[in-house]
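In order of appearance the chains are A, B, C and D, and numbering begins at 1 in each one.
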Amino acid sequence: MATTDKMSKNTSPTHWEGEIPVNYIYTYGLAGEAFFRAVKDKGTFLGARCDACDITFVPPKIYCDRCFEELKKFIDVGTVGYVDTFTVSFKNMDGSDKTRPRILAMIKIEGTDGGIIHYLEGIGIEEVALGLPVQAIFKPKNQRKGGIEDILGFGPLKR
Amino acid sequence: MVKRVGIVGIGTTGFRPITPDVSYREMIFEAARKAYTDAGIEPSEIGGFITAAEDFLEGYSICDEYCPDQIGAVLKPTQTIPGDFIQALATGYMMIMTGAFKTVAIEAHSKASNVKNIDELMGFAFDPVYNRPLRETPHAIAGLEMTRYMFETCTSAEQCAKVVVKNKANAMRNPYAAFGAEISERDVMNSDPISLPLHRLDIAPHADGAVVAVLADGETALALTDMPIWIEGLGWCTDTPTLEMRDWGEAAYARIAAEMAYKMAGIANPAGMIDFAEICDEYSYKELQHMEALKLARPGEAAHLLESGVTSFAGDIPINVSGGALGVGHLFEASGAHKILELVEQLRGEAGARQIPDVNIGLAQVWRGVPTATGAVAILSNM
Amino acid sequence: MGMRKVAIVGAGITKFVRRAQETGKELSWQASKMALDSCGLSLDDVDMVTLGTAPDAFDGVHMKGEYLADGAGAHRKPYMRHYVGGGTGVFSPIHGWFHVASGMADICLVVAEEKMSSCHPHPQGAFLTIFDHTTEQPLKPTLIWIFALEMNRYMQTYGISKADIARVSVKNKGNALDHPSAQVAEKITVEDVLASETLCWPVNRLDISPASDGAAAVVLASERVARRLTDKPVWIDGVGFAIDTAYWATRDLAYPRYVETAARMAYDMAGIKEPAKEIHVAEPYDPFDYKELHHMEGLMLCPRGEAARLTAEGYTARDGNLPICPSGGALGVGNPIAATGLMKVIEIFLQLRGEAGKRQVPGKPTCGLAQAWGDLMQMGTVIVLRSH
Amino acid sequence: MDLDTCELGGTPLKSSDFEKCKVLTTEWKPNLGYAWDNGVAIGRYLAELKEGRIIARVCHECHRIMLPPRMFCELCFRPTDEWAYVEDTGVVNTFSIARVNWDASRRGPKEPPLMPAVIEIDGATKGMGIMHMLGEVDPDDVTIGMKVRAVWKKPEDRTGAITDILYFKPIRAAAPKKAAAGRKR
């Protein structure tokens, strides 16, 4: 309805194929630059503290998104945390099957209000539980480029 | 001063998994023409126009360019809201409340079938530095949230599966719905694992279709129709986009949006006042999580209400009698449009086989999907 | 009309640069924080937030309004993104006006952001896909084509030369020398423009504004709140917007009737009968130099085909009868699309408050206008501001 | 407030800062592929192009013969009524001489400039133009108002696309150059 002439043969429909041909290079921003320099050079994580709101951002921000004050000082928050939540992922972003299912987890970094989303490594599905303490595993320093891929995942905490 | 805003006309194409026989323009024209005929108004008489759309879902760099013709908005005050239809509805409401517009038409549509890889497109919304390089399926974000929600509320995956069973069964009564089915909770649990605890059937499949609604100020509304459907409450809210700083168990965006809408509508006791609701069930657990955020259930109580039949078609607060996104299809920016359509048809008593008897106040709620923490709520009444 | 009065009470802006190190979120915060500080407000005081930003294809994030939310001050607030292509920046305070004039908000933060440099190798690539995907994109068009086609038609219709048009670029790049955000301010001559590289005749490189990163923000308040916050509120007296058909090749390219339609809406609301007399200072959108002329005519600030002559006579200079783009415009300050439109609104805000410093136009202006334009040369957005 | 005394955000980088890795960056090539439904009007338009014809759609209310064809009239807001073939000739409404490709790369010194134009098609309502290319004409000889005719691909090479028309070429020798200012291209 609404228009008068319609397709009446199922051989008629046609479509036009195309794409949006764009490429991107993203800077990490002021906070992201500091965070990933610390990952790359020191193998540790930085957070940003807002005393007024009593909140520690990981990853850090140059502003507190609650009160909007500038956060000038980044602090080393270490690489130890615990599983805040997790999922067993079978698919890649493009919908294809992973070669093996992987445990993706939100790791809350100890003593902060944030953390890192990354894979659990060396922990079986039956061992995972909310609250499980874990520790970041980094690539060897000479292979780190400054990016989330510098982190291989999180493994069991070695005290 | 404008005191009230009502919906005076609505039109839709219905929803199908694919729509190869019509272009997006032809599809939207059909919904618009029906809405204007329903309202008894021509687009030349309408004060303003809004389309709810996102560029990359349309496949254009500036999709706003292509919004006017098929809704009759040439040389008219027209804008795109890159957001859900209910956010566009809020803009339309505010436009009329300024006093500068008597009528506003709002359009939303989905041509999701035209996007070759919709999962990858959803992944393109991830933070490019912290999240996207993992090339993880966007459904994994829902998987993370589902685990935490189930933990905090002692809800099981089997209970979430019952949402799918209910909604797909409801959709069997809805001629607009694309994914009605009679299935069991075991069928859901046995479907392919995507990002456990999420299975394939826990995830709403996408559909195509268009909806157009016409809003009018109170005086104009009563001149146009005997039964305007009044906008009593609106709320919209965005929680942090930073996944790492998110409160994973609670849908705070839905709670805060609902609080805003309830306050505006003067509703102190939502579970007692709301007759029925269409709420976001893009993933099965989302219906339960959202019920609690909307205060239609206490924390941890949603699954029990579902199991005891309170939210079924014949229950006290029917939820997603249309079939929801699980039964109708996920419509992206038109998700809220489908829910408003259902509210209007129910409140007018035009819902046919799925008509709930004696309803006066309905609630529609949407979430913008992974990875957002944005949602909106609308409360409509026929009184 | 008995509508609630709405004022601009604060403003903030970043530098406009070709490539910013900051993320779009960080740029948004820098501008928003400055805007709130300028009127002594905290984020807590803000009822609602609206964000203007042009295509996702620049920043390279699907649903970028969602991505930018925390930097724009949206945390757990009612927040929405609005979008009218290149017209977005001037539409931003219009969308904010809906929030406040409707009574839904007393204080609304309006943010505009663009980070075009993420798009590689050049943001121009993102413009291929503004054309119809089936009937036009296979011809491999660039954005510059449509400007060139429109400019040529405009020149032919009114017998205007490239040199006539180049004066706009000379004026605006010169004006921008006094703008602290400016990216491409310089003192140049008409000859420099004509001698610059021909990209798509009749468009030369210096006829065009650059690609930019930047953000801007304003704070809108209801009358009661505005009077409490400042003794110099600037009132939004008229808003207008209109879109023409997407079938752009079927339109009269010599005249922007969508700008006229938008302007008439804004003038009606503001009670303006003779715009050329009642408007004291204007910031029409100037991503290409001829567009300033085109838009002056669409805004009815001068008769059709006359804008080039008036520019040559100095009528539109900062000390002329009707100063046009005293900020330096997109041609001089830079063009981070949505942020540019809001930069223009901020310029009028400062001019009407007498706070434009070295850019201040003489004669104590009390009524000004900002305008933007976008999509496939089809969208006009107009805002009329008054200081009393 | 005074912008001159404010500390403004925005940290400028040079392109060499990227090349020398002075700042950390990450790259992404999104997979944004589409298969857009043509629908009735554009489906027929493309099918007719394959046959070497240009088809339009007529509205009986406003009597416009519309190109590209559409199943509804956007002004009368009603269904359009019938198909109508139009000519493959037209008039140049405006044109450009482009030395830049779609991605802002420059055309090489030996590559001829591109000549995009808006062409008002004969047989359609006055002003109904389409964007296409000009060819077989010296850039200096192109004028607004010039009569042109479509040059089609060979029938066996056509695919049902706007590019089934290679370009439009002048019907007669171009008029002598006008001495308008700045005509050097």
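By our rule, a residue touches a chain if its C-beta (ideal position, glycine included) is under 8 Å from a C-beta of that chain, and two chains touch if they have at least 3 such contacts.
Remember, it's a predicted structure, so these values are computed and weren't measured experimentally.
Student: From the centre of chain D, which other chain's Cα mean sits the farthest off?
Tutor: The chain farthest from chain D, judged by C-alpha centres, is A.
Student: Roughly how many whole angstrom separate the Cα centroids of chain A and chain D?
Tutor: 42
Student: State, to the nearest whole Å, the distance from the C-alpha centre of chain B to the C-alpha centre of chain D.
Tutor: Once rounded, the distance between the two centres reads 38 Å.
Student: Just give me the whole-number Å value for how far the CA centre of chain A lies from that of chain B.
Tutor: So the centre of chain A lies 28 Å away from the centre of chain B.
Student: List, in ascending order, every residue of chain A touching at least 2 other chains.
Tutor: Expected reply: 2-3, 6-7, 12-13, 15-16, 18, 20, 22-30, 32-33, 36, 61, 65, 94, 147.
Student: What are the residue numbers in chain D that touch two or more other chains?
Tutor: 11, 13, 18, 23, 26, 28, 30-38, 40, 42, 46, 71-72, 74
Student: In chain C, which residues are in touch with two or more of the other chains?
Tutor: Where chain C meets two or more other chains at a single residue, that happens at 19-23, 26, 57, 60, 70, 75, 121, 125-129, 132-134, 245, 247.
Student: Think of each chain as a node with edges to the chains it touches; is that a line, ring, star, complete or other?
Tutor: It is complete, because no pair of chains fails to touch.
Student: State the interface residues of chain C toward chain A in the complex, per the touch definition above.
Tutor: Result: residues 19-23, 25-26, 29, 32-33, 36, 42-44, 57, 60, 70-71, 73, 75, 118-121, 125-126, 128-129, 133-134, 137 of chain C touch chain A.
Student: Per the contact definition, I'd like the list of chain A residues that touch chain B in the complex.
Tutor: 1-3, 6-7, 12-13, 15, 18, 20, 24, 26, 28-29, 32, 36, 57-59, 61, 65, 84-95, 101, 104-106, 113-119, 130, 147-149
Student: Show which residues of chain D lie in contact with chain B when the two form their complex.
Tutor: Residue list for chain D touching chain B: 26, 28, 30-42, 70-72, 74-75, 77-78.
Student: For chain A, which residues count as touching chain C in their complex?
Tutor: On the chain A side, the touching residues are 16, 18, 20-33, 61-63, 65-68, 70.
Student: For chain D, which residues are in contact with chain C within the complex?
Tutor: Listed in rising order, the residues are 1-4, 6, 8-15, 17-18, 23, 28, 30, 34, 36, 38, 42, 45-46, 66-68, 74, 93-105, 113, 116-118, 127-133, 139, 144, 161-163, 180-182, 185.
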